[in-house]
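What follows is chain A paired twice: with chain B in the first complex and chain C in the second.
On to the complex of A and B.
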């Protein structure tokens, strides 16, 4: 039963997408949204049933459905690995996807690319599901690339806008860097274990750890550490970790539902999912874990700071996403994979909510995204206001909201860890809490409070297809953590799918109930720091907004550093891209133009013409010249024959 | 004493005269035809000399064939020459370079 359900859950969004893509134009908008929403809804319902079934029976389904290829002793399969990890990812993905599908009806309803959009997001759902349901690296890589392609297509959905085309190209290229690293990691694993199946690979992990890879100068590294680092390189690209984070803020050029679905809730968390899936390998390499931890913590803090000065409503949330992804990755770095997945789940809900709420504001203001031109929308957009408040409170970790449980558990896990880099990571995430609260409420106050901008006096609340997903997402943003924090973080929910130390070792204290956890949190600093952040935002943006105005603030070194995003873009543009273009130019002018075109192709033709020009002089047309040649030729050959016959005898 | 070598020498001389005539002649195509006849005659000379030397008549039979063919060839050659003269109003060899194009 589990197998059939998973197959249907995987394929129904694909069917919906195909129907919308090929019949959508002729059968109209109602057909398009019905078929795709139905597909995703079937998938969601089946995912819920599967998740319950697997949780109750604690089974693990690991089954190949199709053998793609046999080469010698290697075989490549397509198969499912359905356990608690997969099932919970499937629920999150299909739920957010369903909400985004409904939301899109309202958001895109007069866009000429309506059916194309629905076809893309359904196809994306299929790709994401095949990524999380994979039982081998090959299928994982397929899903990994497929979501990348869908992200590319959807960022550039408005393909007549130049900035969108540049952004999707950037996203694609930066992801290629990560993907190259990932395929190298898979290659190392495959070359040593001879298999792409997760189970076989994990079984052989000791073998991987004992194999040493040699570089030049006696510099060697265990195959396990190398492959973990390389796989994490792939995760860095997809989950936008520093220094490969540059594509995510630019991806906000795409339509808002995409930002919610792909660039907040699902695709960018694929890297975190990968870390959890590969936990049996990562657990054996403390070097790789420290690397993961430091990268994650750096991303969590420094991208959060960038969110403080952005003025585009979606970019603020994008930087917030980067920062939260950093939190998740850092938690994986201290072996608290379950916490990181728990944060992934709660984050998917409240970040999708925040993005969709931002989209609602954007629609209501006729595609205005600059928060400096907003203000006082509290009474105009009541539903958006309340749901945004819920999302922001969940994001900053306000006690009782879902984000609180996940973030508090996450910070405690990092604080309790003692691997290399954990001190730095703990400091980063603690400061990150303050930053998160500050930018979240800066955005919130600037958009919904303050004075009403006179341009927006006729603003009306968005239609029900937009507000319904907001409400439906607000519910899990508040409540999802209460029943799940026990089994997921402290219990054995993930025991069948993730290799990690038990909860006591990670947190250093006993868990009783969710309420007990809440009370315990008040003895830590996190809540108070978050409240300080909110208070600071209140003072800076409501009470005394004049403090930050004026030239002196905007001309400081730090402000310029932040405004230029730590010069990462300039670094890449000036150093890497420019050098790459330079090298390409040289190869082109030397190899292509000079050697191939000039020497080989045109050179051959030119040389033949040249030789022919010289030879044709002897073709005079006079009979006596030909006769002379004949006689000379005859004399030479005869002479040769006679002389050689003389030598032979 | 007239030996085989004398015949062969004569034949080679006649052949060389024929070749030289063809090569260095620039004026008259009739001379080319005459030189061709010289070549044939020198070959005939060879045939007859060897036929006599080896006491084998087939060499002399060959000579008859060659003479017949040479006569026919001369007739055809002269016919072509007349046609050529009608077209070009000239029988100069140095003007006959249309093989080039």
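On to the complex of A and C.
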């Protein structure tokens, strides 16, 4: 039963997508949204049934569907691994996807690419499901790249907009850097274990750890560490960790529903999912874990800071996503995979909510995205206001909201860690809490409070198809953690799927229920730091907004550094991309055109022609010239024969 | 069986009707599918053998037959030719009957190359093939076609002369022209190296390998659409096929010893040519350079396993060679499709310059969808055939040396960069050239072939096993022969 359900859950969004793509134009909008929503709905319901079934019977389904390729003793399969980890991911993905589908009916209503959009997001759902349901690295990579392509197509959805098609190319190429790293990591595992199935390779992990790889003469590292680092390279691309984070803010050029679905809730968390799935491997390499931790913590802090000065409503949330992804990755770095996944889940709900709420504001203001031109929308957009507040409180970790449980557990876990880099990481995430609260409420106050902009006096609340998903997402943003924090974080919910080292679990015994956790939190600094952040935002943006005005602030070195996003974009675009084109140009004009073609190929032809030209002077056509030549030749030949005969005797 | 096809095509020489040629090419495709149903894929034996004496005095036989290495390429030939003929009507107007006849003759000769088991016969087909191709480019080509044809002819002809010398030398040593007799020959080291190099000249030009690749961009640019498709899809595969049929089994020791050079040349093709493709402004040139880079994977897969003697086994070697074979078939489909796409645009705008385009998606949405799809396949997207061959070669390289795999894998980035950057400038964006705003989307004649190709590319990407099964045992057999021959 589990296998059949999984198969239907996987394929129904694909069927919906195909129907929408090929029949959408002729059968109209209702057909498009019915077929795709039905597909995702079936998938969501089946995922829920699966999740319950798997949880109650604690079964793990690991079954191949078909053989992709058989070469000698190697075989590659396509198959399912359905356990608690997969099932919970499936529920999150299909739920957010369903909400986004419903939301899209209203948001994209007048867009000429209506059916194309629905076909894309359903196809994305299919790709994401095939990624999380894989039982082997190959299929994982299929899903991994497929979601990347869907992201490429959706960022560039409005393909006449120059900024959008620049952003999608950038996103694809940066992701490809990660993917190269990932396929090499997968290849190392394959070259040593001879298999790509998770089960077989995890079983052989000791063997991997003991095999030395030779990179450069003196520098050998174990195959395990190498493959873990390379796999994490893939995660850095997809989950937008520094320094491969540059594509995510630009991806906001795409329509808002996909920012919520792909660039907040699901695709970008694939890297975190990967870390959890590969936890049996990562656990054996402390080098790789430290690397993961430091990258994650750096991203958590520094991208959060960038969020402070953004003025585009979607970009602020995008930087916030980057920062939260950093939190998740850092948690995986201290082996707290379950906490990391827990934050992934809560974040999926409240971040999707925040994006969709931002989209609601954007629609209401007729595609205005600059928060400097907003303000006072509280009374005009009541549902959006309340749901945004819920989302923001969840994001900053306000006690009782879902984000509180996940973020607090996460910070505790990092605080308890003692691997290399954990001190730095702890400091980063603590400061990050303040930053998170500051930028979240800066945004919130600037959009909804203050005086209303006169151009916006006629704005109306968005239609039901937009507000309904907001409400439906607000519910789990508040409550999802209460029943789940116990089993997921402290219990054995993930025991069948990921490695759960004992080290960090110590703190779980003290307060293993939601209530105990809540009480404990008031004794720590995190809550107070977050409150300070909100208060600072209130002072700066509501009470005394003049403090930050004036040139002195905007001309500081730090402000310029932040405004240029630490110059990463300049490095990639002006230096690397430009140089690559220059080198290509040089190679071509010098290597191909000048040396090979002009010198060697045409040069040879030219020289042969040249020699022929000179020789042809001799061929005058006069018989007496030829006779003279013959006589001369005969004389030389005879003379040579006689002389050589003379020497011989 | 294949001989029958040959005769059939030669009779078609005088046929002047478009449909007759399309239907006859479809019949040939049908025949090859019928052969597929009879083909026994267990074991590496030659099948459908036809062996009659041709020139008795020199022991030259008309000896044809197929195995799992040649059969996929023959199928590719019989599959691509009807597509080319079918689209010929839209892109070519003058002397259509001669144009079609050239392609039918070419098809017969190409099948002949892939199925010849007599080295002399192989050489005859190999050289004869130049004639129709020469005519196709020279007569129906672009402005600079004379330069391109002469360059094409001289390059390939020069290469094959060395091959002829090697074949004659092998004949003198064995007294036979049978390729399989050559396999059993015990050659000294020097002999092997010289024979290897002689064959390499011929094959390297055809593949083409760096630095003898410069004829290809010119030939592509000047060739008519159909010529480009055949050139990219099938002609380039003959070099790769030759390496597997001749170089590896006849001179295993030399293949082993010279493998380092071959790997280096392959990596240059992948990276250097990839960078060169990035700076092209002509779409056909860009795809032509991309072909050279993709064929780099074929040569890399063929030779990379020799570099690590500790790890050499028939399984690992088959993994790598399978990658080469799949890459050849896949590249045939994808580059063929991309040249068709460019042909579609050229028929409307009469330009191949990227700068003349932009916003094509606005006026040709169906076409844009297909073109973006093939571009992604060209960038080795998993789920398309373009991924399968490359990933197998990368995996096989990783068993040898991390850095080789890293360098060849860089195509994931470079390949995506040049292909998708072209897509960005041609398909997406605002319309800058007003001609583009009033062109029509694909008509049925253009849509059907592209759709069929797209389905094939996806099918091969998600389920390559049927193709693999067809050639699996032959490749295992080849690997065992080579490893035994090289004494590894």
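Observations, loosely collected:
We take it that the second predicted complex is superposed on the first by the 582 of 649 C-alpha atoms of A that agree within 3 Å, B and C clash if a C-alpha of one lies under 4 Å from a C-alpha of the other, contacts with A are read in each partner's own complex, and residues count from 1 in each chain.
One rule holds for everything that comes next: a contact is a pair of C-beta atoms (placed from the backbone, for glycine too) under 8 Å apart; a residue touches a chain by one contact, two chains touch by 3 or more.
Worth saying up front: this structure is predicted, and the values here are computed from it rather than measured.
In the superposition on chain A, A:623 contacts chain B only, with no contact to chain C.
In the superposed pair of complexes, A:515 makes contact with neither chain B nor chain C. Once the two complexes are laid over each other on the shared chain, residue contacts for A:173 go to chain C alone; chain B is not touched. For chain A, the partner touching the most residues, choosing from chain B and chain C, is C. By the touch criterion defined above, A:631 reaches chain B but does not reach chain C.
Contacts from chain A toward chain B in the complex involve residues 619-624, 626-628, 631. Of all residues in chain C, only 151, 154-155, 211, 214, 272, 275-280, 314-316, 318-319, 322, 359, 361-362, 372, 376, 381-383, 388, 391-392, 394-395, 398-399, 402-403, 405-406, 409-410, 412-414, 416-417, 420-421, 424, 427-430, 462-465, 468-469, 472, 476 touch chain A in the complex they form.
On the side of chain B, the complex with chain A involves touching residues 19, 22-26, 32, 93-94, 96-101.
Put simply, chain A touches chain C in their complex at residues 66-74, 78, 141-142, 144-146, 149, 152-153, 156, 159-160, 162, 165-166, 169, 172-173, 176-177, 179-180, 183-184, 187-188, 190-191, 213-215, 226, 580-581, 583-585, 587-588, 591-592, 596-597, 600-601, 605.
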